[in-house]
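Okay, structure first, notes after.
For clarity, chains are labelled A, B and C in written order, and residue numbers in each chain start from 1.
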Amino acid sequence: MLRTEEITLNMGPQHPSTHGVFHVVLKMDHEVITEARPICGYLHRGIEKLAEARTYTQFIPYTDRLDYLAAMLNNTGYVQAVEKLMEIEVPERAEYIRVICCELSRIASHLIAVGTYSVDIGGITGFMYCLRDRERIMDLFEMVCGSRLTLSYMRIGGVAEDLPDEFIPALCQFLDEMPSRLDEYDGLITGNEIFQARTKHVGLLDPGVAINYGISGPNLRASGVFWDLRKNRPYSVYDRFDFEVPLGKRGDCFDRFTCRIKEMRQSLKIIRQAVEQLPEGPVMAKVPKVLKPPAGDVYHEIEGAKGILGYYVVSDGSNKPYRIHVRRPSFINLGFLNELCKGWKIADVVAILGSLDIVLGEVDC
Amino acid sequence: MPGSSIPSTVIDGLKDKFPAIEVSENLTITVPEAELLSFMRELRDNPDYDFNFLTNLTAVDYPDNFTVIYNLVSFKYGYTLMAKVNLGKDEPAVSSLTSLWGSADWQEREVYDLFGIIFTGRHNLTRILLEDGFAGYPLRKDFQWVGGRE
Amino acid sequence: MVENIFVGFAEWLRSLLAAAGLPALFGDIVLMIVKVAGILAFIAISVLWIVYMERKMAAYFQARIGPNRVGPRGLLQTAADMGKLISKEIIIPRAADKIVFLLMPVLIFVPSLLLFAVVPFGKNMIAVDLNVGVFYFFAVASVSTIIFWAGGWASANKYALIGAMRAVAQMISYEVPMVLAILGVIMIVGSMKMSDIINAQQNVWFIFTQPVAFIIYVIAATAETNRTPFDLLEGESEIIAGPFIEYGGMGFAMWFLAEYANLILVSVLATTLFLGGWLAPFGLTFIPSWVWFLLKIYFMIWVFMWFRWTYPRIRVDQLMNFGWKVLVPLSLANIFVTGIGMFIYRAIGW
């Protein structure tokens, strides 16, 4: 028997498949991982500290920079938390617009997740197709608020502007075309033998362990746990829509991947219903010019694209938040990476990390 | 804006078991540091509560004390619960919950990193977001912030 | 006339030299130099063109346009890229083995160049028609494994080392089924000479009589050229670029171009062995034989590109399993069936 030696391999912070400046120190026996120590914080900007020197409204653009792939969801989570603190009633139309924008953001985020996962597994073509379709969502956002990535569209008490006239027809066209595009991904990526061989039964996540480690979002649902805040604890107007929560069976990388594709279909369904029900009316509640929430604290959670997105806001009665903490789903989902990677090969580390769908802006905050 | 969504009967039951806890009017439970671990274990293991999901763990630096906040969820009943532990300003330390919930691991490290609150009874309590040699704990209010807006 | 344009030129050159009163040996040497120059020009131009073709094809597969700025329809893009790469600084990592590190990107072209000697470009257009042509082809092609490995080793980088080790494991294990698959063809022909193999396909191409061998060959050839789904040694998303990770500028360009030279070579072999070489199908002999040959190798190149831009990457242990547990037994079975078939064929005496 030949004597083998463990090698330490620094994967990242500059590495194409760590989805940003993320660093994993891999200890490997040949290609088999014995330890994967994640190191994050390369993108830490101290957003929670910055919040303490900004007014409540000024903090909205900072939320965009957390999960920059689903900025609408971050905006919504934050403004809803402050609205809960101030007990502001949001106009009906604004709620519907929020739902439409949030679900578009979710689709955009999942498209990136699906596309980059295809690259992680080695097929670059899937990525281009996903980006092509995400571009249309970016165009829709541009119509709504003039911005494409960092949107800052939500306001405390409603949304910044009403929808422009050309938005709804463009959205309907997108809704009509998107299902066939999703079929295309299923054909190109999901249905591929090699893709399935690479992802099925890889990185198994037991439901009990997943709950214990606080893993949420599609990663948790892929393990077969029914926990989607839009259904279990409906916020905004989500209780008025008819949609399903896709669940996985095994909790492997393939399930996590397919859960996202299925969720996109459900999001399309929600948007379609929201467009049909969209009421007329104002899009902004009557809120004072200077926001001074009463002293106290509030914790509010929404179902983000990557998992449960929570905002903890503490007010001391002044116009600036005393403390804001963000429960970032990517950060908490990453906590289990070491256990998940043990015993798999270096190529599987990429597959597992990609299937968790992290975004480093959110991990490092 | 209640901190917890949980029936008052359940809260009363908890009060009987842990007389030291305080329940505020918005149903936020304040637990003495000494009882934290047994209180949390009861919440997790008692099938009447079944708080299996530690969703959020963070801290606030108030003028008089540090407060560590725990947000728990029960998937079975749909309850949510917000628990707080008040700690002194000098060398704040609290028992770690990593033995109960794995999700406490990274979140405790984050709180340690940014607040300098020590979590006892766990291993690998190291900085997670900041570099290892960083001086000070930035989310404390007395942290000297160069380049801020103040 | 067009058919014999190259052969005719060679004859004309030979007679010109003879008329000038020079000895025959001198004429041979001059002719050989001309052939080598011609082949080099062919490699250089085709590699540049294939890189462009690959990028354009990838773009079309991916709903993009691809290079379209430099020259008409972006045709000069590769030339511009090469110009850029040549002008770049050569960076040598401090820990690297300098000599090996610098030598390997140069050496990687040697096996490719050697192999072009036995490529039958058209009727009577083969530089050296060895009687062990196919054997020579495989023997020389295997050498490139060592060069990949040495390049990765010399870089003194862990990613390069992993990539280099994968290269050795992969290329050796895929050479076996590849050679075994081709044995079927050689058994039928009874010769390893390139021209004999092509001439044996006058009536029917071997792709029809040896379909299994063809499929095994194509799979193994994809692995040999390290292209997706078998691009493990590069492993873009895992080990970044494997053995090439530390190379920049011209060093990288050499590896890159050699990869495309190898792509041409495996396509050449597929064409020669299975697609009838330069033979014209359906009696379309008015198209010159060398045009047919080029058409066929470009078809094969297109197939390989199609694979690359459709499939994801297989994992290293799956690759080994597939090679040893599926392809090798399959190719052995192919030999067995071919042998029985030949025996019956002779016994019946058709």
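By our rule, a residue touches a chain if its C-beta (ideal position, glycine included) is under 8 Å from a C-beta of that chain, and two chains touch if they have at least 3 such contacts.
All values reported here derive from a predicted model rather than from experimental measurement.
Chain A has its Cα centroid nearest to the centroid of all protein Cα atoms in the structure.
Set against the C-alpha centre of chain A, every other chain centre is closer than that of C. Note: centroid distance chain B to chain C, computed from Cα atoms, is 64 Å. Taking each chain's centre as the mean of its C-alpha atoms, chain A lies 25 Å from chain B.
Remark: chain A and chain C have CA centroids separated by 45 Å (rounded to whole angstrom). In chain B, no residue touches two or more other chains.
Chain A meets chain C in the complex at residues 7, 9, 15-17, 31, 118-125, 128-129, 132, 188-189, 192, 194-195, 197-198, 345-350.
On chain B, the positions that touch chain A within their shared complex are 1, 3, 26, 52-56, 58, 60-61, 69, 71, 75, 78, 80, 82, 101-103, 105-107, 110, 114, 127-131, 138-139, 143, 145, 148-150. Here chain C touches chain A in the complex through residues 58, 61-64, 158-159, 162, 228-229, 231, 235-240, 309-318, going by the rule given at the top.
Taken in their complex, chain A has these residues touching chain B: 40-41, 44, 46, 48-49, 53-54, 84-85, 87, 209, 211-216, 225, 227, 232-233, 296-299, 301, 308, 310, 312, 314, 322-323, 325, 327, 331-332, 334-336, 364-365.
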